[in-house]
Each structure stands twice: as C-alpha cells, then as structure tokens.
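In the two complexes that follow, chain A is the common piece, with chain B as its partner first and chain C second.
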Partner chain A sequence: MVILVVVIGYPIVRAVMLSVFDYSLITGDAGATYVGTGNFSKIGHDPVFWQSLKNTAIFAVVSLVGGGLGGLALAFATENLQGPWRFLRAVLLTPWAVPVIVTAFLFQFLFLDRGGLVNDLLMKSGLAHSPVPWLGSTQWSLFATTVANIWQTAPFFLLVFTAALRSVPNEVIEAARIDRTGAWVMLWKVKLPFLAGPGVIAAVIMTIQNINQFPLIWAMTQGGPGYSSTTLTIYLYRLVFVSYNLGYASAIGVIWLVVLMFISGWFLRRRRGVSR
Partner chain B sequence: MTQVLQEKQRDTQRTSPRPDERRLRRIRTIPAVSTIVIAIGLATVAGPLYWMVTASFKTKTEVTALNPTMVPQDPTVDNYTGLITGSMPFTDFFLNSVVTSVVTAIGATFICALAGYSFSRGAYRLRSGFSLSILAVQMLPFAVLIGPLYLLMLKLHLLNTYTGLILGYTTFALPFGAWMMKGFIDSVPREIEEAARVDGYSRLGILFRVVLPLSLPGLSTTAVIIFINSWNNLLYPLTLVTDTEKLTLPPGLMQTFNGQFQFDWGGMMAATTVTSLPLVIAFFAVQKYMVRGMTAGALGGT
Partner chain C sequence: MTIRPSARMTILRTSRPLRRWRIGMTAMAAALAVASLSLAGCGGGSGASDGTTKLTFASWDAAEPATRQSTLDLVKQFETEHPNIKVSISPIPFSDIEQKVLLQVQSGSAPDVVQTASNYTADFNAAGALEPLDTRAGQDYLAEIPQNVADVSRVDGKLVAVPWAVQPVGFWYNKKLMAQAGLDPQSPPKTIDELLTDLKAIKAKLPGVIPLGVDSTNRVFGLDVNWSWMRTFGAEPIASSGAQATTPEMANYLNFMRTLATEHYTEVNQKIGYFRPLAAQNKVAFSWDQPILEPTMKSASKMDDKTFQDTWGVTTLPAGPGGQKFSVPQDHQLAIMKSSKAKDAAWTFIQWMTRNEKALNHVVADKGALPPVSKPSDAVNALVEKDSALKAFRDDVAPTMVRPPWGPKYAKAYDPIMVGVQQMMTGNQPVTAVADEMQSKLQGALQ
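Let's turn to the complex of A and B:
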C-alpha cells in the first residue's frame, strides 16, 4: 500500500504541481517558471492536441466495436465445442498472449508496401491496383494500427463472453427449450441479455486500455506520418521526452485525469446501482 | 448432461405432431454458421502467426520478395543464429526481460494476494474506499504519470536498475491484480476459514495455509497476467532505462529494428518469435483456468 501511494500518488501530485509551471526536463527545477493557468489556455489553440484527441477517439471506439463484435461472434461459435475441439478456443485466444511489440512488428511486416502479405492478397484478388502504403500515408496509418489492435484485443472479449455464457443459468435455457425457442431467438433474446453486464465492464476496461495504448502505436508508426496516428498517449510522451516540455504535458495530463475521474465515477455509481 | 438434454429435445419433437420445419432448419444453420465463424477466426489468428514463423526461416531476399512465398523455399536458421552472434545484445535484452518480469510477477502477486484478502474479508471503515480508489487508479493514463515517475526515479538513483523497473511494473500491475485476487478469494467459502480459526490458526496462518492454497488457480492466473503485462511494457523501460545493455526486449527490439537493422525483416521475425515463446507457453499453461479466472476475478467485481 505504501509503495502504491508513493509510486502512483506522488506522480499525480507532482503532475498537478508541474502543470502550472513552464518546466523543462533539461533545465529541471532551476529553470522552472510559474505560469499559472498559461499551460491550460495553451491547450485550447493547440491543433495537435485536438487532432490527437480525435485520433484517440477513433482508435478507441473502432477497436472496441471491432474487438467486441469479433469476440462475441467467436464466443457464440465456440460455445458448444466438445472435448479436444476446445483446443480451438485456446488457439483463438493466442493473440492475447502474443507480446504487443511482436504484434506491432508483425503487422508492420504484413502491411509492407512491397512484399507485404496484405498488399499481395489485395492485388491478387483484384481489390487494389497498386500497393497501398498502409503505414506510410496519413490516410491509412491510423487504420492500420487499429486493425493490429483489434487482432490483439478480440481474444479478451472472447474470454469474457465465454465466461459470461457459462454463467447463464441452466434453468433459463431449459425453460426456453421447453417453450420451443428457435436457435436464433435463443441467442439474441435469451443469452445476450446475460452478456450485457460483463460486456459493459469488459468494454470499460478495454476502452481504458485502448486510450492508454502506447507500445503498439509507438512501435508501428511512432504517431506518424506527421501526426496522423498520434493519440493522446503518444502526444504526451513526445511532449515529455522529445520536446522536454513537462509542464505543458502535465497540464494536458491533469485535464485528462479530471475527465477520466468523471467517467469512472459515473461508471462506479452505475455499477453499484446494478449490483444492489 | 448434454446427452440428456438432447434426448429431452428429441422427446419433445417426437410428441409434437407437426414439427416446425422452419425451426428445424434454423437449428441446423447454427453449427454451419459457427463453423464458418471459427474458420474465419482461425485464419485471422493463425495466418499472421504462421507468416511470422515462416518468415523467420526465409533468406533475406525471399522474405520481402514481390511474390511472397507460403513456404520457405530455401529454409535457413541464419536469422536465429544472427540473434546471438549479431551486434544486437539480444541475449541481454532477453535476460533483462526475464528477470524483471519474473520478479515482478512473484512479488506483485504476493502483494495482490494480501491486498485481495484484505478487500475480500477485512471489515474496516476505509475498505470500500480503498478498493474503489484502486479501481480508479486502474483508469489512470500512464503517460501522465511517466514524466513525474522519471523525475522520482532520477532522484532515487533508480534509473537503469532492475529495482526501478520492477517497482514501476509492480505499480502498473497492482490495481488489476488486487482486484482480481479479491474475486478469487471471494469464492473461497468462509466456513472453511471459520473452521481453521476454531482449530487455532492465526489470521495470517489462515491466509497462507488455507485461503491461498485453495485459490491456487487464481494465484497462477494473476501471476501470468502480471507476467504478460510486464513483458509487454514498453513505456517504462523506454523512459527509465538509457543504457542499451539494460533494456528489456520491447524497447531493445524497437531501437534495433527501427534504427540500425531497419530492413532485416527475417531477423526481426526471428526475434519476435523468440520474444513470443515465453508468453505463449505461460498462457497455454494456465489457459484452462483463464475462463474461470475471468468469471471469478475481473467480472465478479466489487
């Protein structure tokens, strides 16, 4: 507990304090000047901040929807696997255990302009006439990182939904069988409602993880080209360790912290409401 | 169990005079759809992994050939021997990753078990406050903390040390781990504890002799998840380590392959294959408990 307070509590307090200074990582304490709310007003007209905010939203939402639907479909499909066939589910879960850095490199390789598997398949099937510069263009880089993220995160949803499907009470399924419920209706009307609760929790956990996603994007594109795949996390990292502007980065961090507190507060209140 | 259910179903069908044709057809479409979904899933999962492993056995010219080959035409292990003999200190990276991740997994799981037990059974005033704040901490953006954390480690002279990295990983792991352990310990019946207390065990005795052995699947699942997260961590070593030999795999590989060896895709795929192995093995060792772990831990919740 003490360690937790020191290593997480201290940085938070420090971040709040830093946010009102013009603090550079090079000059340290000596070069810090008090700027009051200067850092905060700077955020308003910082186009890169707004672009990274937009990128973060797209990355998080598309990843969530893609991964969630993929995981849900696979959970339903693998629900009735018997005996040794259950091994298939374990195989489907593997991407979750693949290191993020590996996913990043692997998809860099798959998305290669020339000699990459994706472009090769697209060209051979006639869907594309010339190689798509997936990671090298401002148009596609965010899309490519999102695809890699979906590949990595869908197994988490598969795991959660599988666990949730197991917890559907047998009586409910029995009752539905006796009522001669059709298979699709069984899926949508009987089982799906039981998945809502765990689904929401999983979605919240995954949204947080997506917003915080650093290694995947940093290893694949470093936020580029330009700022086309820069999310808030990447932007903050750049501010601190590339332009050494710790004060300004902390100001963004503090705002972000406040927003997240509101979201998590709302989530916790709802959660307690549900369990009561 | 399922057999009984199937028989029951057959019974109901036999007794009904006009079987609903449409419904029967639909029941048959479900396995078909399932098979297709699973097949697509397997292709998406295994395809890239197959691509990675085969690429690691291809020669330099073959690996980025304009017409990619499905099977290495001229299999070679040069990419793997290159990892050891090459100028990149791959074995250092690997060792650093193993040491920091394993120590974190063991240490953090221990702390998580204590915290989880306290959240699950303790009856003190701040209990719900504590567990809620831990949940909130889980949502913190790590990029916000990394600047101040860097300054903290700088002042404690923990940059470029295992201790600094392990401390960083541990804080990263604790919130989720403690919450998960709470879920596992919740599922240990209280009656067993009561019995142990009657037998004269102390509180800690109960925890170590009774509760933890009973939640062994939970402990191992938590440890593996923490291990995976630490192994994956790029942000901390990237910022807290500046000596190349002290880097862990993720930043080490990044520096190597995004710099010096940018177009050595074969070597890169060999490195990624080796990097994945420990995690995939650890994962398959506990995957049986994973589903149960998720039900009990992460979703059982507050």
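Let's turn to the complex of A and C:
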C-alpha cells in the first residue's frame, strides 16, 4: 500500500497541485503563481491541444483496428500450421519483440524520400512519378507513423488470438463439422465468439499503449511537420521538457488521466458484458 | 470453517509470510535511507578527508561517441596536473542536458561545472543557476577572447559562462558536385538569387543529390540555424517590441523556404544530423552546418585531409536583399553553477579547459572547432592554419555571427515559428495565412 501511494498516488496528487499553478521548470517553486482553473480554461482555446487530441484518436483507433484485424487474419492463417512450418508463427511474432526505437528507425528508412524502399517500389511500379515525402509532409506523416505502429502491434494480437483459438473446445468444432458447417460460418459463428473476451482485453491494453505511444512517433517525426503527427504525449513532452511549462502540462495530464480512466472503464464493462 | 477475529490477528502476527513481508519492508526502508544519503552526496563539489576537492562536470562531449574518449583523456590530464582536484564526469547527451540540469537545479543536486550552448545558457541563467564570472575571470582573461565571441556568453551584459569551442554555422559547398553540375567550384553563391540558380542546376544535373542540407526541425537548434536565413531576408520574428511575424521580410523568408521544399532542394523536418552522413557520401551539394561537419565527414568516409580540402569549402551565407551576411554562434561554453561548493576548483578547471594548450588542441583537433582566444599558441594556430575550412570559419564566417535573442521567451517562441516554417514548406496555405497564424501563436507564447 505504501509503495502504491508513493509510486502512483504522489505523482497524481503532485500533478493535480501543479495544474492550478503557472509553474515553469526554469523558475521552480519560487516563480510559481496560483491561477486556479486558468490552465483548464486555456485548454479549451488551445488549437494545438485539439489537433493533438484528434491525431491521438486517429492514431489509436486506426492502429487498433489495423493491428487487431492483421493479428486476427494471421492467427487464422497460421492456425493449422504443422511441423517445421510452426516456425513461421515465431517469425511473425518478431516485430513484437523488436524494441520500438528499432521499429522507428526501420520505418524511417523504409519511408525515406530518396532511397526508401516504399518510394522505390511506388516509382518502379509507376504508381508514383516523384518520391512521396512520407515523413516530411503534413498529409502523410501521421499515416506513416500509424503504419509503423500497426506493424509493431499486430503480432501481439496474433499471440492473443492464437492462444484463444487453441482454447476453442474440440467438441464445439466437431459438432459444427458434423453439421457440415462451411468455412466462413465456422470462422464467423463458431470460432469468433470464443475470441471476443481475450480480444477485448487485448484491445484495452493496446488502446492505452497506442494512446501513450511516444518513442515511435518522436523518433520518426518528432510530431511534425507542423503539428501533423503530434499526439497528446508528444505535446505533453514538448510542454514539459522543451517549453518547461509544467503547470499547463499538468492540467492536460489531469484531464488525460480522467479520459483514460473512462476508456478503461468502458472497455471493462464491455468485457463483463461479453463474459456474461 | 470460521475464524474468530482475535484468532485471525494471532495468525497474522505469527504467520511466516507476514514476517517475511515485514523483514522485506524494513530492508527496503533501510535501502531507501542509504540511497537517499548517497544521493545527498551526489550534488555539488565537496572536500574529501584526504584534502582533494571533488567536482562534478556535466558534459555532452563525454556522452557522444566522437568526442567521448578524447574528453575523458583530457579530464584525466587535468587531474594529473592538479592532483588535489578530482573530476567526476556526468555524460548527458546534448538533447537532454538542459532539461536534466534544470531538474537537478530544482532538486538541489546540480553539477559544479556544466557544458552549455546557445539558449541553454540563457535558460540556466533565468533559473538563477549560473555564477557570474566577470570578476573571477578578470581583465587579462577576458582580453584574450574576441569581443563577439565573449558576447555570446553574456546575458544582460553579465558573463555567465566562458567560451570553450567557437562554432559558427557556415555555408559548406561541395566543389566536386558543383563542377559536375556545370558550376564554378571556386565560386560558391554569393547572393540568394545566385543560390537559387545553383540549386536549380544541381537539381537538374544531379538528381540523386540533395542540393541543400538545412535543419528545419521544430526545436531550438532549428530556430537557431534558421535565424541567420531570416536575418538574411531582413526578418526578425521576435524582437524587443514583441512578435513580428507578419512583416514583408518574413513573408520573403517563408516564400524562400517554400521554394526549397516544393522544388525538392532540401528535405523538410530533417535534423542537420540526417544530412551529415549523406554529405560524407557526396550526396549533399551545399550544407548550412557547423565546423563539426568536417571531423564527422572525415570519420564517416575515412577521407584524408587533402581529399577533404579538395572536395569541401566553407564560406558565408549568401547575402539577401540587404546585402548583409549572417551566421549564428553555436559555441560550446563552460559555466559554474551557483550551488557549487567548490567554485575556486571549478574555475581552476574551466580556466585550464579554455587556456591550456592540450585543451585547446583538443578543441581544434577533436571537436573540429575554433579556439576561444584571439591569439592561440603557435602549435594550436598551426592546426587552424593548415585547415582551409577552419580558416574560412575564423576569417570569414565568425565575423558575421549575430546572437539570436536567446532567453526564456526564445524558448517559448521556437515552437510557433518553426511550426509555421514547416507548414509553409509542406502545405499550400497562402503566406499571409501562415504568417498570421504564426503571429497569433507567437503573441500567445510571448505573453
């Protein structure tokens, strides 16, 4: 309990306290002035906050859907691998084991303007006539970071769904086969319901991880160009460690904590519904 | 089976897991107490019982692979010459050193001496963390430093750090690529118009080459290196009167940056470090970079001195409509923290690092920078003289250095300015819309 209070309770209390002050890391306690709800009302008029929030939602949802569907497809595709072919599943899990920073640099090279594999393929196939500035344009930077995140997270879903598929009772499968159930119905009506529970748990974990994703985006674009790939964690980092505006950053942090608690609560209620 | 409350307490008092838990907690508390005592000893210099003074030195040179070993060797040399001073090096990467040291300042565990540069110095000073050095340095010491170099280390007229390695940003040009593009390799562009003509020729003749390497990232360094380009067009988006992003001069600068991006003369949102290895492979024709580019390229390409000098030259930034040329100082400085309990030893260390021949040799040979004195020793001077790029930095580029308006406001202003620059380079909004948005955000940030 003491450890919980120190490790979790103190930072939350401290963040709430700082959120009502105009507090700069440069001037510290001596320069702090009480602003009441000033920092919270400032959030409402802060266009960067709203753009970051929108980017966070797009990044988290598209990553979740892309990673989840990719993991599900891979789990079904590798479900019946036999003998040495099972090694393929281990290979598919590799991106999950690769450090995020390595993934970031890998995709940075893939998406390079000149010499990047993606642009080379696009230009050789005639789909593009000039290199696409994947990381250097406001149009594509969020897309590029999201693709990298999907590649990194899909294997987690593969792992979860593979384990869940193995837990589908043989009796259920046999009964479906006796009833001459087609492949699509077997997948959709028989197996998928068994994946819903683990899928919701995986979705909660991944949603929170996607929302808090920092190193991947920072290493690939630093949130730019402009604010085009700035998510809330990137914005918070800039406020705290570049502008040293701890008071305002804490106010955003407090609101963000509440939002995350709601998201987690909603997912967990859904899970209870699924379990019943 | 039910257990009475009193019996449950007895079980709890005597159960083995609980005893283990208590022992564990006691051990943890003891470990925390020991750790906090040890941490209390970390900050600030201190005198040891054997008469030696211990200094802590926070440095990014000691963290970067290119300069790490030579810095450690240099500090060891200092300790050999000063057996009563021991220096404990705290290696912190350049990008982290400001935030780490500011956190240390706020928690009362700041180092004694810190390596600093550009806006970091102004921020440390605004935090009240730097010891004024005018009196300690004295007239003789200060007289040896070129005036414009000393001014970089002053905040509101006070000397709060001393220059260690002078690093103006200069215009590097690749003579071989210029020749391949049909340009005169001995005649780098002198004006912005000439630059645009040369960039067009390079783009047309050498499609695999990046015509110009310029940092356009959203960070303080990004604004620093762009400050010279802005001044070239007569723009100063932050001045004593406040935000000035909607001037015609700023519009000219922003239009120029859009041309660089839309004509693919440069790559947007790239750090200068991205262009350096490409420059070493002869894939960058011009680069707006510091003297450090030379040792970086030599180390990456294993190029000898002669080949390097045959390939690369340095000159001033092309002049804009006003005809003036600008550079920005990125000098490395050394400062003493106000909280240091060993300021005399710290000054002895700093003085040695900025005046000793071995230390200045390290500045030129290992850091690839200019020494911070007008008249270095013959040996150090010979190192500069035999290097045509360093000579150009000293004779041509350094005199054009203009200090940006560094300070806490600058730290708040870089984000709106560089975001506007990136929007201009990557979007298709009219320049007036970008400038208006930049102005509005700047005003908010500077309030």
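One rule holds for everything that comes next: the second predicted complex is superposed on the first by the 261 of 276 C-alpha atoms of A that agree within 3 Å, B and C clash if a C-alpha of one lies under 4 Å from a C-alpha of the other, contacts with A are read in each partner's own complex, and residues count from 1 in each chain.
In this text, contacts are C-beta pairs under 8 Å (C-beta built on N, C-alpha and C of every residue); 3 or more make two chains touch, one makes a residue touch a chain.
Because the structure is predicted, anything quoted here is derived from the model rather than measured.
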{"item": "Chain B versus chain C as contact partner of A:241, first or second or both or neither", "value": "both"}
{"item": "First, second, both or neither for A:114, with chain B first and chain C second", "value": "both"}
{"item": "Chain B versus chain C, judged by how many residues of chain A each one touches", "value": "B"}
{"item": "Touching partner for A:221 - first (chain B), second (chain C), both, neither", "value": "second"}
{"item": "Touched partner set for A:136, first chain B, second chain C, both or neither", "value": "second"}
{"item": "First, second, both or neither for A:41, with chain B first and chain C second", "value": "neither"}
{"item": "Chain B versus chain C as contact partner of A:180, first or second or both or neither", "value": "first"}
{"item": "On chain A, positions contacted by chain B and by chain C", "value": "25, 114, 222, 241"}
{"item": "Of all residues in chain B, those that touch chain A in their complex", "value": "2, 5, 8-9, 12, 20, 23, 26-27, 29-31, 33-35, 37-38, 41-42, 44-49, 51-52, 55, 63-68, 111, 115, 132, 135-152, 167-168, 170-171, 174, 228, 231-235, 239, 249-250, 253-254, 257-258, 265, 268-269, 271-272, 275-276, 279-280, 282-284, 287, 290-292, 294-295, 298-299, 301-302"}
{"item": "Chain B partner contacts - residues on chain A that touch it in the complex", "value": "1, 3-4, 7-8, 10-12, 14-15, 18, 25, 70, 73-74, 76-78, 80, 82, 88, 90-102, 105-107, 109-110, 112, 114-117, 120, 151, 159-160, 162-164, 166-167, 177-178, 180, 182-184, 187, 197-198, 201-202, 205, 208, 211-212, 214-215, 218-219, 222, 232-234, 236-237, 240-241, 246, 249-250, 252-254, 256-257, 260-261, 263-264, 268, 271-272, 275"}
{"item": "Touching residues (chain side chain C, partner chain A) in the complex", "value": "25, 99, 102-103, 105-106, 123, 126-127, 208, 210, 217-220, 261, 264, 267-270, 408, 411-412, 415, 419, 422-423, 425-427"}
{"item": "Touching residues on chain A, where the partner in the complex is chain C", "value": "2, 24-29, 113-114, 130, 133, 135-139, 141, 221-228, 238, 241-244"}
